[in-house]
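In the two complexes below, subunit A is the common chain; its partner is subunit B in one and subunit C in the other.
This part shows the complex of A and B:
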């Protein structure tokens, strides 16, 4: 009976060939879009520098010197890149599950606070304390994100709002902890004139640092890279990762297929907060931030920037490694700008321009893809 | 037949492309005053696109719209209304929370005079024989009544041209009959022009004066209804002779015929056991509305149970319930005698209930994932020994299913959105059947598919039943139910209004049951 049934058109070899050719064209287009968009951002940044009375070349050189070229600088950049990457990895996990967590800054701070508490009080051999304080950081961050997750799944509060608002609460809570010797505040004898500072981690409870070619950096860098590989693999190839992606793309289909939104969504929030908390703990015990002590404002925008890293890496863990290094470079490089006479804040603008430049091509592609899908859908109506 | 009046509106050489596909290719169409013009074609033949050009929802690449001899540009539906063209859409755009007259007054400008609007609604409904209570809340009305609101809304603007897009899909047979009577009045007494868009042959033949048949974006035939016969119309529409029972049913070619081919139906084996049982199931919506009301039925191994009914009487909720998507407030669902928890992720699927959902994009597949991933959504364990997905095993297993179910795609790695609707449906079907289910739920399984795909789907449902699966077919297309089901229950206001087997099928009773509590209202 098949001879009279209107079969859907099979793809002829010609058509398949045409489709493949189309794909090459698309790759060319993608590269072109990125080049164009980054070039535009750099030109804009250059203009901005020129307007403020500086020289674009000087600024560019200063940024390069400060981030990688000068002795010891790329070690610093690596030290900043590691927590950025950790935060980004967590963000990737919850984004893939379809949740929007934008409170990493607070989760990171709480993680650092938990790590401080455990790190300065737990007796025992150094390595065990280091592991314990990292664990405490994970628990703290996960707890903070978990509150937002719980509000979302049991009370219907949008997690975009709750995670954001809890950043403010986190800062207040840590501030309170840093006023009480029973909590985080260092004993009076150890803090000279400074008011709000925690006890310093003992030298044997710090994360080991390496020195390569005169560049010193914490071993957290390797941990972060290993975790990036792990997250990439878990999302692409394991059953829980598969289910998370399913949940993110189509919650109703996922529910039917046995992926409960509460269980998996909550899980992704806990993982996400855990990564931010771990970033906080490793910042504390790694040495690049705050001299092994917790101070108010300890998180110094690492949470926000890590969010941007995930955004620019388009939720791909491996791509996030390179993006994290780039953004860390802008951070460390900006320290060298003073000599050029250009306001240090210019790097924030450059960073924003770069983020925009890196986000525009995917947006353009997304819109075109949607339009194609829409047309494909219209064809069928 | 009447003498042709002057054309109220003319479409000349309309061409519209969507990407590489030509939806309308140089189509000419003239709608005459005082006539009902049927526009017949399969899904995707271009009839909807053509009508959207007429009311300004789609702007043609080429061609012109001529009203009273003048070429005009119709920018949007409001512009179209101003030029005297109105459309009653297949999907309603009414506000549930408002009353009938309020809905009809929506969009008016200037001062609101409730009394005047109410009177006018009363006048109109009497005039056209479309009885309706102006003060009823639209959310409480059944689909047939909601459509009347749409029609009155459209007629109140006194249009010269009225387009009806698949108007009977939400109506009982008796309601359809009343609608066509009203249309006749609109045309005969007031000289308006009516376009009736449908893929159902029988109603086009029954209700129109002239017929234009479209296929693949072009007009293939124009014929006076009186000179037409069903077989040649079907042939023109599909492009070949149609002989199979399923296809004829799909084309709406005679309910009577589908119902009478009955002798080849075997009696159910006496030992067929109940596989799926619903016992006193009730469910409420978030707003407290009763969606399912003490619903009880059972599906036996190897039978196809058809759930007939007018759209909006609990079909969607029943499908959601059996997809683990909705909880219940009372009752029990059992598979093989064992109760299944409702609303718990994956519980129905684990109990052996496979579902081809009403809207596959909503709960049947993940468009952004690949074909292979979509084939293993529910049981990734089968391609992931020790929790890690084995790419090779996944691709091999996917290719096997792609071949077995003749899914047309570039390969297991192509994203699902790149497939046509019919092939996406096959992916869903392949996945659900590959789990060796005990129960197969097919909710409106052929909606939006072309004739070939409908045929395939029907064959698969029969095949599943033959291999001992309990099949539940939820459909608002009565022809489809009559063609496939061994036994029929009628769903009305969330409960079983009645049941009959194929042996003692009574079409009139079936129609009345589908009308549910509206039977009294239907009487003129």
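This part shows the complex of A and C:
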């Protein structure tokens, strides 16, 4: 009833009722569309499993067991979620500024390589080395994204293309580093012949791990969540965040208001790459990815998946926490699929189908909104 | 330099360069049309892979080369309908859709490959008389398995389609100035969708050719990022067909060069550099000539009538 009281006096109760009914309809439409698309994606995935002779229920149970239900599993899922969230946070920053960075996979790998270089070479007390290697990761990722940003603003090269192409260059660069003892390759005595691995991080230069209720996970989980809150706050409540969003929503207005596109755009690219690089560094020193050493293909799609997390969360940092955990769950849960006789790659399919499904409702709603606005405008004329 | 000389005087190098260049050309010729229409679909990679896998399965089930090529093209087309309708009927972001399709296809093909594990029989080599006797490049161009020859008419066909038909004119208009095109009655998003269907067909065919005509077996890493090289070739070529062809030939040569060096007995010290070279060249080319080569004005900008 308070709603009705709050309305201006000239609105009759009938009109208000009609308006709220309209709003309920819209909310129903939104929920319905999302439910429908997600259901369609899951049915498709289920069919795929069924066609190849598996049982969808078994797969679902195995995924739940592997990601949260079995002892020690949700710790692993948290460990995988942390870098996903970090990558997604960076992606949110640059998408809000209207830039398309799709090279997180490469930025993450370069970050991990920089972190390895510093982590295995820097003498000194463990905690300082950990901080230094994280810093090196940020620098590496920011550098890789910064090249793309620089090319965008000073040479007019579309950042979509340069970031994408630089993923492959990053993989080759790290591969080269892992062939040279002067760069990343471990000394000959510490590895099997012809193995391309880096030196292992010393045990005091690793990120500390916690054990809660039999679940072990690295402390970077808290760092990632804190950074998510920070990014959400900075974008919503600070002046640079406001300028960044203005740049993304209307570059011309931003220019008139004195927001330098180069400065803020470049800044958002550096932050984005820095987050991806930090994700790489924490993966290296956190212990959930490999054996505290860099190997070829170290990034294992975390960059790509983190990008998807940001897209599914629709550029909202807090929502990204939940999405990162879900996608990490698919990843850790896939380890339990072997018992069901279904190939673990099905989780990649499920993930991509979910993303596609989640793309549809906002697009449909947007179109409908526009049609409604158009019709309303026509009626008025 | 001895290594370079040995590779350059070896017929095998040229044959393999042509095989890789043909794969890139199948994809790039369609992608070129799409980019002229103003859409940059990075799902080419996925389309190539889906075409490759579909044709591998089809040749395993039914022993017909033509049917397998057709099925490969149709698989690419199927994928392109997803890309086209999500990004140019609904206003979903084209890069997001493309990226997701790539991930989807990679997962799906990996999943199905383990389940089905198709065994492939390659297509036979057909030598064109006289032409294949030209030293060095003769066998490379004219003594290949026959699906490769499909690329020779494909490229001029694309040129004709874009520069000599009404449809092509409308496609170019959609890529250069969608608002004006729309006002003059061209259905901008329909043209863009159709151009994406075209990429789907050519890329699917390209993937099928690569499995049947070049490699002769299937594994899920068979395409391995070469769809991205095809996109790079179109950009490298400054969005002209001639330039795109040159880009494909150059990048195809680089790919085969990397593979030939170890075969000739030279330890490939610069493997990584050679592998990264197409991408470095493309980025450097874009950075150097960004002012001279002009992308289609509306490239990668979604079109929504009466908005913004």
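Here, the second predicted complex is superposed on the first by the 341 of 381 C-alpha atoms of A that agree within 3 Å, B and C clash if a C-alpha of one lies under 4 Å from a C-alpha of the other, contacts with A are read in each partner's own complex, and residues count from 1 in each chain.
Going forward, a contact is a pair of C-beta atoms (placed from the backbone, for glycine too) under 8 Å apart; a residue touches a chain by one contact, two chains touch by 3 or more.
From a predicted model like this one, the values you see are computed outputs, not experimental measurements.
K.L.:
Using the superposition on chain A described above, determine whether A:164 touches subunit B (first), subunit C (second), both, or neither.
P.N.:
Only subunit C; A:164 stays clear of subunit B.
K.L.:
Should A:352 be classified as contacting the first partner (subunit B), the second (subunit C), both, or neither?
P.N.:
second
K.L.:
Please indicate which partner A:372 is in contact with in the superposed arrangement: first for subunit B, second for subunit C, both, or neither.
P.N.:
first
K.L.:
Residues of subunit A touching subunit B in their complex?
P.N.:
Contact set of subunit A toward subunit B: 1, 4-11, 16, 19, 236-240, 242-243, 245-246, 249-250, 252-261, 263, 372-373, 375-376, 378-381.
K.L.:
Quick check on the complex: what are the subunit A residues that touch subunit C?
P.N.:
48, 52-53, 100, 102, 151, 155-158, 160-162, 164-166, 168-169, 172-173, 175-176, 179, 304, 307-308, 311, 343, 345-349, 351-353, 355-356, 359-360, 363-364, 366-367, 370, 374
K.L.:
Which part of subunit C faces subunit A closely enough to touch in the complex?
P.N.:
40, 42, 82, 86, 90-93, 95-97, 99-101, 103-104, 106-108, 110-112, 114-115, 225, 228, 231-232, 235, 272-273, 275-276, 279-280, 282-283, 286-288, 290-291, 295, 299-300, 304, 306-307
K.L.:
Within the complex, which stretch of subunit B touches subunit A?
P.N.:
18-19, 21, 23, 43-44, 48-49, 238-241, 244, 323-325, 344-350, 355, 357, 362-369, 373, 377-378, 380-381, 384, 387-389, 391, 406, 408-410, 417-418, 420-423, 448, 450-453, 455-456
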